[in-house]
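Beneath this line is the structure, given in C-alpha cells, with notes to follow.
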Amino acid sequence: MKEKIDRIVESRETKAGLYFDYTIQVLILLSILGFTIETLPNLSPQLVDFLEDFEIFCIVIFSIEYLIRIYIARKKLKFIFSFYGIIDLVAILPFYLSFGLDLRSARVFRFLRLFRLIKLIRYNRAIRRFSIAFHMIREELIIFSVVSLILIYLSAVGIYYFENAAQPEVFSSIFSSLWWSVVTLTTVGYGDVVPITIGGRIFTFIILMIGLGIIAIPSGMISSALTEARSIEKKKNIQETTKATLPE
Amino acid sequence: MKEKIDRIVESRETKAGLYFDYTIQVLILLSILGFTIETLPNLSPQLVDFLEDFEIFCIVIFSIEYLIRIYIARKKLKFIFSFYGIIDLVAILPFYLSFGLDLRSARVFRFLRLFRLIKLIRYNRAIRRFSIAFHMIREELIIFSVVSLILIYLSAVGIYYFENAAQPEVFSSIFSSLWWSVVTLTTVGYGDVVPITIGGRIFTFIILMIGLGIIAIPSGMISSALTEARSIEKKKNIQETTKATLPE
Amino acid sequence: MKEKIDRIVESRETKAGLYFDYTIQVLILLSILGFTIETLPNLSPQLVDFLEDFEIFCIVIFSIEYLIRIYIARKKLKFIFSFYGIIDLVAILPFYLSFGLDLRSARVFRFLRLFRLIKLIRYNRAIRRFSIAFHMIREELIIFSVVSLILIYLSAVGIYYFENAAQPEVFSSIFSSLWWSVVTLTTVGYGDVVPITIGGRIFTFIILMIGLGIIAIPSGMISSALTEARSIEKKKNIQETTKATLPE
Amino acid sequence: MKEKIDRIVESRETKAGLYFDYTIQVLILLSILGFTIETLPNLSPQLVDFLEDFEIFCIVIFSIEYLIRIYIARKKLKFIFSFYGIIDLVAILPFYLSFGLDLRSARVFRFLRLFRLIKLIRYNRAIRRFSIAFHMIREELIIFSVVSLILIYLSAVGIYYFENAAQPEVFSSIFSSLWWSVVTLTTVGYGDVVPITIGGRIFTFIILMIGLGIIAIPSGMISSALTEARSIEKKKNIQETTKATLPE
C-alpha cells in the first residue's frame, strides 16, 4: 500500500504518478492565480466567496498531499525539515492559524508554493552547467557585489553634496540619494529623482560611465564561465566515450 | 509556359526573376507604409482616397501573385497550407471579406506581409550558426524564462505588500504590481509606477541586484553558444577540406 | 623647404611635428568648446565677442593648415577629395560663405573637425582586432538589424491597436507608436508614452521578453567574435615567431 | 613589544589580530552608517548628540590606530604617504581642523574610510584574473571611451538642432543636450528631457541603434578577455604541475 502511494507521489514513471504531479502543479498555479485575483479592489461578493471556497479546497488538497508525503517518507523528520517540507508547511499553516488569530495577511505565504514549480525544470544537464559556471565565478561575483555596493554608496554621497542645496526635498538625505544611485546605476531611471545642478549632472555622467563598465562585467563573467563549463563537459564526455570504447 | 513563370516567380537567377522579386518586396514595403500613414489622424480626404486606391492596387497585385504561386506549385495544397501560403492569404483575405462585412479592422493583417521580407535575409551561414547556437542553449533558455517569470511574480507580490497601503491607487492589486515588476526588472523604468516607502525601495534594490544578475545571463549564454557554434563550423570546414585534399 | 614642412605636418617623429600635432588637436578641442558655449542662452556681449574672435582665429589657423596640407600633398586632388580633406574643407568653408550669405547655421559643420580627433587613437593592434571581429559578424549584424526593425514595427502596430482607443492623444498613429517601440525596446523608457490598458501592458511584457532576448544577442556576438579575433591574432604571432626562428 | 603590536595590527593569523581587524572594520561600517544617518533632516537633538559623541569615539579609535600604524611601520614616511596612510589621515584630519575652523562639510571625507573595506576582499586569484583581463583590453577600453565620448557629443549637437526651436527651455544649449545624450545613450531615460519633434525622434532612434551596439561592446570585450585570462591561468597551472612532477 505505502509503496504504491510512494510510486504515485514521488515517481513520474507511472501514468498515475504523472497525473498526480500535473494535478498538483495545475492546482498550485490556480491557487496562486486565485490569490492574485483576491488582491483586486472592488470584487463582487460572489467572486470573493468563490475564491475563498477555492482556497479552502486547495488547502485541503495540499494538506492531504503534505500528510501523504510525511507518511511515505522513510525519514519523516528529515522530510519535515527539508526545503520542500518547510515550504509545504508554511504554505498551509497560516490558513489554519487564521481561524483563531487574525492572520489574514499571513496567507501571503501561499505564494511560497511557487517554488514547488521549480520542479517543472528537469533539464539536469543545463542546470549542472549553470552550477559549474556559478561555482567558477563565485569569487568574482562577491568582488563584483562589494565593488558595486561601494560604488552605489559613493554615488549617493556625491550626489547628496551636489543636489541637496538645490533640491532639499528630493535629495533630503543620503538615504534618498541611495535610492537615486540604485535607480540610476541599474539604468532603470524612473525619473522621480533627477539631478538638476550642473555639478550633479557631470557627476552623474562620470558615475554612469564607471557604472556601465561595471554592469557589463557579470555578463562577461557568466559568458566566460559558461564557455568553460561547456568545454569541461565536453572533455568529460570524450573521456567517458574513450573509456567505454577502449579495450580492457 | 508554367515553367517559364516558375523561373520568374521562384528563382532569382534570371533577370526577370530578380526584377519580379524586387517589385514585390518594394510593393510590400509601400503597402505597409500606406497602412502606417492611414492611421494618422486628420488626413486630407484626397490622401485617404489615394491610399485606398493604392491599397486596392496592392491587393490586386498580391492576389495575382498568390494565384500564380498556387498555379506553379507542384503540390498545391502543400503551398496553400505552408507558412508563406497562409501569410499571403491572411494578408489579402480581410480586404475581400470587408466588402460584405464590416471588417475594416481586420485589414491590420496586411502587416503580416512583413514576414515576406524575411526572405530578404539570405545569409545562410550566419542563420545556421544562430540556429546551432539556439539549439545548444534551448534548455538554458527555458530554465531562464521560468526563473525570470517566478522572479517577476515574487517581485510583484513583495512590492504589493510594501506599497499597497501607501499608494492604493497605483499598486491597487498584484496585477498592477506585475506591471511594475516588468517595467523595473527590464530596466525600462517609465516612472508611472514608483515605490515610495522605505521598505519598498530597499525591496526594489534587492530585487534589482538579483534581476540584473539574471538579465546578464542570456547575453552570456548566447555568447558562449556562438563561440561554440563557430568552432563547430570551423572543425567541419577543416574536415571537409581535409577530405577534399586527401588522396583517395 | 617643402620636405621640411612635410616632416612637421605629416610625421610625428620630430619634436616640431609632435608640437604641431598637439597644437592642432588642442585647437580643435577649444574650437568645439567655443562652439558649444556659443549655444548657451543669455551670454554677455563681451563673451560673445571673444568667442567670435576666437572662432576667426581658429578658422585662420585651420585654413593655413588646410592650404599647407594641399601644398605638401604629392597628389593634390587625391588629398582634396580624401576623407580628411573634405572634413577640413567643410569645417572652414561655411565661415567664408557666411560673409556674403546668411549661413550662420552652417557653422555647425565645425563639429566635423571632431573626426580629426580620431587620429588620437593610435592603437593599431586593438583596432585591427575590432575590424576582424566586425568583419566576422557582419552578416549576423545585418540579420540582427532586420529582425530588430521588424520587431520594432510589429510592436508599434500591436500597441497602436491596444492603446489607440484608450489614449488617442498619445498613441495617435503608428508613427507615435513607433516612438514608444523604440523607447521601450531599447529600455530607455522616458515615460512620456506609457500603455495603460491591460491588453497593452501584457503585450508590452511579451514584447519586452522577446526584445531583451534580442538585445542580448549583439553583446554575445561581439564577445564571441573578439575571442575568435584574439585567437587568430595569437596563431599569426606564433606562425611569425616560428618562421622567424626556423633555420632557412 | 613593538613586534607584538605588529602581529596584532598587521597580521590576521593570530586570534588577537583577527579580532582587531574585525573591530576596526565594524567600526568603519558603523561610523559610515552614523555619517549617513546624520544627513537625515529633522533628527531629534538626542540622536544628534549621540551621533556626535559616537563620531568623536570613532575618531579617537581611528587616530590611535593611525598612530600605532606609524609606530610599527619600518619605513614611517613610506606608510604616511602610502594609499592607505593618506586615506587614514584624510579621514580623521578634518575633525581636528574643524575645532578651529568651520570645516563641518570637510567631515564628508570620513567616507574615504570605505576604501579600507576593500581589504575585506581577499580573493587574490579572482582579482589577478580581473587585472590580467583588464590589462588585455586596456587599449580597447580607451578606444571605446573615445568613441563613446564622440558619439555622446555628436548626439548632443544633433538633438540641439532638432529640438532647440520646439523646446527652447529644455534643450536650451548643447550643454543641456549633453545631459540628454548621457541619459539616453546609457538607457537610463529619466524622462526630464525628451525629444518631441519628428526629426528629433528619428534622430534618437538612429543614435540609439548605434549607441546600443556600442554599449554591447564592453561586455563582449570583458567576456572575451576573461575567457582568455582563465585559459592563461590554466596553462600556467599545468606548466607548474608538469614542472613539479617531472623528475629532475
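Think of it as A, B, C and D in the order they're written, each chain with its own count starting at 1.
Just so we're on the same page, a residue touches a chain if its C-beta (ideal position, glycine included) is under 8 Å from a C-beta of that chain, and two chains touch if they have at least 3 such contacts.
Bear in mind that the values here come from a model prediction, so they are computed numbers and not experimental data.
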item	value
Turn needed to bring chain A onto chain C - CA fit, degrees, nearest 5	180
Same-residue or different-residue interface between chain A and chain D, half as cut-off	different
For chain A paired with chain C, centre-to-centre distance based on mean C-alpha positions, whole Å	41
Between chain B and chain A, distance of the C-alpha-averaged centres to the nearest whole Å	29
Per-residue multi-chain contacts in chain A, two or more chains	175, 187-191, 219-221, 223-224, 227
Contact footprint of chain C on chain D as seen in their complex	139-140, 142-143, 146, 150, 153-154, 157, 160-161, 164, 168, 172-175, 184, 187-191, 194, 198, 201, 204-205, 208-209, 212-213, 216-217, 219-221, 223-224, 227-228
Residues of chain D touching chain A in the complex	32, 35-36, 39-41, 105, 108, 111, 114-115, 117-118, 120-121, 123, 125-127, 129-130, 141, 145, 148, 175, 178-179, 182-183, 186-192, 215, 218-227, 230
Complex contacts: residues of chain D adjacent to chain B	187-191, 219-220, 223
